[in-house]
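Down below are the structures I want you to see.
Next come two complexes, and both contain chain A; in the first it sits with chain B, in the second with chain C.
The block that comes next holds the complex of A and B.
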């Protein structure tokens, strides 16, 4: 197979994306498709899904290909390399003769070759949920609220009412309530067709929100009663990183 | 120390038995001084089945009578590194006065105690040794090497030694679950190892080698060295890159070894296929009941510990402590009991060649009135894992065991539904 190369303009941002994906999976494959790069994977317990899409326009260089090519990687290993990026570096990923070459393009070209991980090419659909509430808000506010909740409990309740979104947690250690008023300054869009309330494990949500809030200042939360939550972050250069987490039975 | 009447002093009380009750701010159970003062070991006002002070005091007396200025005996081996005052710690080198060979060995030998020794036996084994103490800087383990104490600590058979004590031993009885019941202690003026310690070959090599402690622990375990030997080797500062070696307080070392070995097994287990049916079993030893259920799924664990109200206080329900480990190995809290049980469960799973989600329930009945260390958690769960039975479903497995209902309740509370239902 011919050499294939994608170049992303901001290596640090790419690190943040990889770091955010690794909250959910240790290994998975980027799919390089004609319209852009995607990654969709479930965690081992199948309670959380990550869904990445970066359109081809967001890349500095993108190959003209007819069909998709998969790049299986171990995110821990990839993170180790990307962690050493310098400001202003670009990152290139190349597939050549069955190896994945990661290049940090800065004042020098630093390249590291990784083995390509074979991953099962499971075609996953995204959850089919009719969401009844949508809240666009500041991502760091969500991250903070979830950390607060995690301090007292390992489950957290999202309740979207007509006036505000409540993030609550309680246990014998105490109670936490974070209120995001629909008129509040950190709420950019508030659309509740029908009040929604669901309970989730903090297991993934805390890490998802704190890591992904470095990619985007804005988080879009979508909810429906007793249905998975969708939490989505827009990538500045284009594209989005979306997570789904299954609800917990109350 | 002369016998004198009960006095109250800074939360401590000297009872006529020449012992102290040490009231620490530790976790319970701590028996209130006033209770002991009015009970004097006779009325059992504390609600325990026996008076721990008298129980221990009896054995302690025996040892005291046998101890002159010099003691000859074989360490089983039994050594402790204290944590108080770290890095200036006390190392205890323990010998049963006048005993050698197999009769010495029984004083500290958890694997062979299991199922045979009762709580009182274990207290007696421990309390009838002389605990000679040496003050050492934990950052300079080499100071100990020269006294040969570390080698005797990791020997596979009892090692004879002469211990000279600087003063008459004193006994301390503590009333809390976290402290091991130990015998009389005395500062050692001299410890001379007389016998030849027999050190496992794999360990002998690592002592002289330059291998990081984490790797060394993994290698020793893989070569079949007993975890109790590994624990003592780590505590005595025999492992690690030579310049970075430290003495490690025994309690920390025990859990550190459980975590290191457990994590190593977990990395293997996580690559194994899922178990394809529910398995469960239960087993009791030392008034500690255990129930383990393995459910098809990725490796992760839920630990539920139920403390009988009588162990802690006079009234109330069982006190529940829950710990969880998620699919990526992150624990909600670091709990030595959980880590000991986890090691045993992971050993079992590695043996089966399967990964599974584990639910472990431990119920502590009031008869367990003094903590004797977490070795029995590890040993009981190891044996339990050898006798697991297959079940059709989680419900069936839970119904078949007394503690199954507890497991089921917590499982419902903590379990999530997979996303698959929505795909």
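The block that comes next holds the complex of A and C.
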């Protein structure tokens, strides 16, 4: 394979993206495609899926390629490298002779070579759910609501009604209710075609939202009753980081 | 990892023979019978207690004494038959006079529990009591500060290559000695047994 390189302008942002992906999966492959870089993976217990898209324009350097090239990585190893970034560093990922070279481009060029992890080349489809409710809101509001829910219970209920989205949790430790009014200042779009209500594991959602909100200001939540939730975080330069989490069943 | 039931049975039989003949720690000298564990090898939920007591030591089966009777009652109240799940202990031999297992005894027995988790590959592991919770949460790097601090939620942990949700709760004996604790045990077991996350691939 010929040498291939992508350069992302902000290494710290890239660390946050990788950290957000690693909530769901330990190893997976970035697919470098003509339109941009993608990654889609399931968590090992098959409860959650992560779906990343970073458009090619978001990169400082991006190869002209006809077909996709996959870069399989272990995110724990990649995070170890990226945690050492300095402010203003850029990050390059290069595939050359079957190795993945991660370069932190700052006052010096620091390179670490990692083995390329073999992953299934087949691309997963995304869940086919007809969502009946959509709420576009502030990512940190979602993250805070889920932290509140996590304080009392390991399951959390999302209920989208005509007037508001309710995020509720209860147990013998207490009860939490967070209301996001459709006219509220942190609600940018509210479209409920049919009320929707589903219960989810708090642990997945609290991890996802707290990591993703470091790199995203705006999140879109989509719901349908007893169906997976979709949480899509808008990330810099037109990218998005979307998670699907399966509902809890009794 | 064995993935057919027959393969799992063969592997578990071999492991049980190893446990029954184990001399890795001094507890072997005072035991009557080792107590490897029992139940459904394809269980979604595994219960892990602390160590066998007198009755268990006699019969070679886990949770058959008073605490076991309470556990059976709680399980049937939740509509779960004991045979649907897998039950074992952190330590497979009875500590004399039902004292707490020592760290070296827990360490000596740890590979057996890890192997059982690999064979059964449950999605949920319920840690009954502080010794079990400390050990199982330790795989996820969770700092253990007492069972009351960790109970009431689930923890995603990888144990010997198996991704599980650990649900820590009080030991049934603690609910036996203090019946006011019983609702906690019931609520935690309900969380572990009654609810689960759907499989996202079912929606693809």
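By our rule, the second predicted complex is superposed on the first by the 248 of 250 C-alpha atoms of A that agree within 3 Å, B and C clash if a C-alpha of one lies under 4 Å from a C-alpha of the other, contacts with A are read in each partner's own complex, and residues count from 1 in each chain.
Rule of thumb we're sticking to: contacts are C-beta pairs under 8 Å (C-beta built on N, C-alpha and C of every residue); 3 or more make two chains touch, one makes a residue touch a chain.
This structure is a prediction, so every number in the text was calculated from the model and none was measured.
Trainee: Once the two structures are overlaid on chain A, check if chain B and chain C clash or fit side by side.
Mentor: Aligned on chain A, chain C clashes with chain B.
Trainee: Can A:248 be said to touch chain B (first), chain C (second), both, or neither?
Mentor: Both partners.
Trainee: Compare chain B and chain C by how many residues of chain A each one touches, and report the one with more.
Mentor: When the residues of chain A touched by each partner are counted, C comes out ahead.
Trainee: Return first, second, both or neither, reflecting whether A:9 touches chain B, chain C, both chains, or no partner chain.
Mentor: A:9: touches no partner chain.
Trainee: Is A:116 touching the first partner chain B, the second partner chain C, both, or neither of them?
Mentor: A:116 sits against neither chain B nor chain C.
Trainee: Between chain B and chain C, whom does A:173 touch in the aligned arrangement: first, second, both, or neither?
Mentor: second
Trainee: In the superposed arrangement, does A:228 touch chain B (first), chain C (second), both or neither?
Mentor: In the superposed model, A:228 contacts both chain B and chain C.
Trainee: For A:150 in the superposed arrangement: first (chain B), second (chain C), both or neither?
Mentor: After superposition on chain A, A:150 lies in contact with chain C alone.
Trainee: I need the one stretch of chain B that runs into chain C once the two models are overlaid. Options are 207-215, 225-233 or 243-251.
Mentor: That would be 225-233, the one stretch with clashes.
Trainee: Using the superposition on A, tell me which residues of chain A are in contact with chain B and, in the other complex, with chain C.
Mentor: In the superposed arrangement, which is not itself an observed complex, chain A uses residues 42-49, 124-129, 154, 200-201, 203, 227-228, 244-249 for both chain B and chain C.
Trainee: Report the residues of chain A in contact with chain C in the complex, numbered from low to high.
Mentor: Chain A reaches chain C through residues 42-49, 124-129, 150, 153-155, 171-173, 199-204, 227-228, 244-250.
Trainee: Considering only the defined contacts, which chain C positions touch chain A in the complex?
Mentor: Answer in residue numbers: 123, 152-156, 163, 165, 183-184, 187, 191, 194-204.
Trainee: For the complex, give me every residue of chain B touching chain A.
Mentor: Within the complex, chain B touches chain A at residues 297-298, 300, 324, 326-328, 332, 412, 414-423.
Trainee: Tell me, which parts of chain A touch chain B in their complex?
Mentor: Those residues of chain A that touch chain B are 26, 42-49, 124-129, 154, 200-201, 203, 227-228, 244-249.
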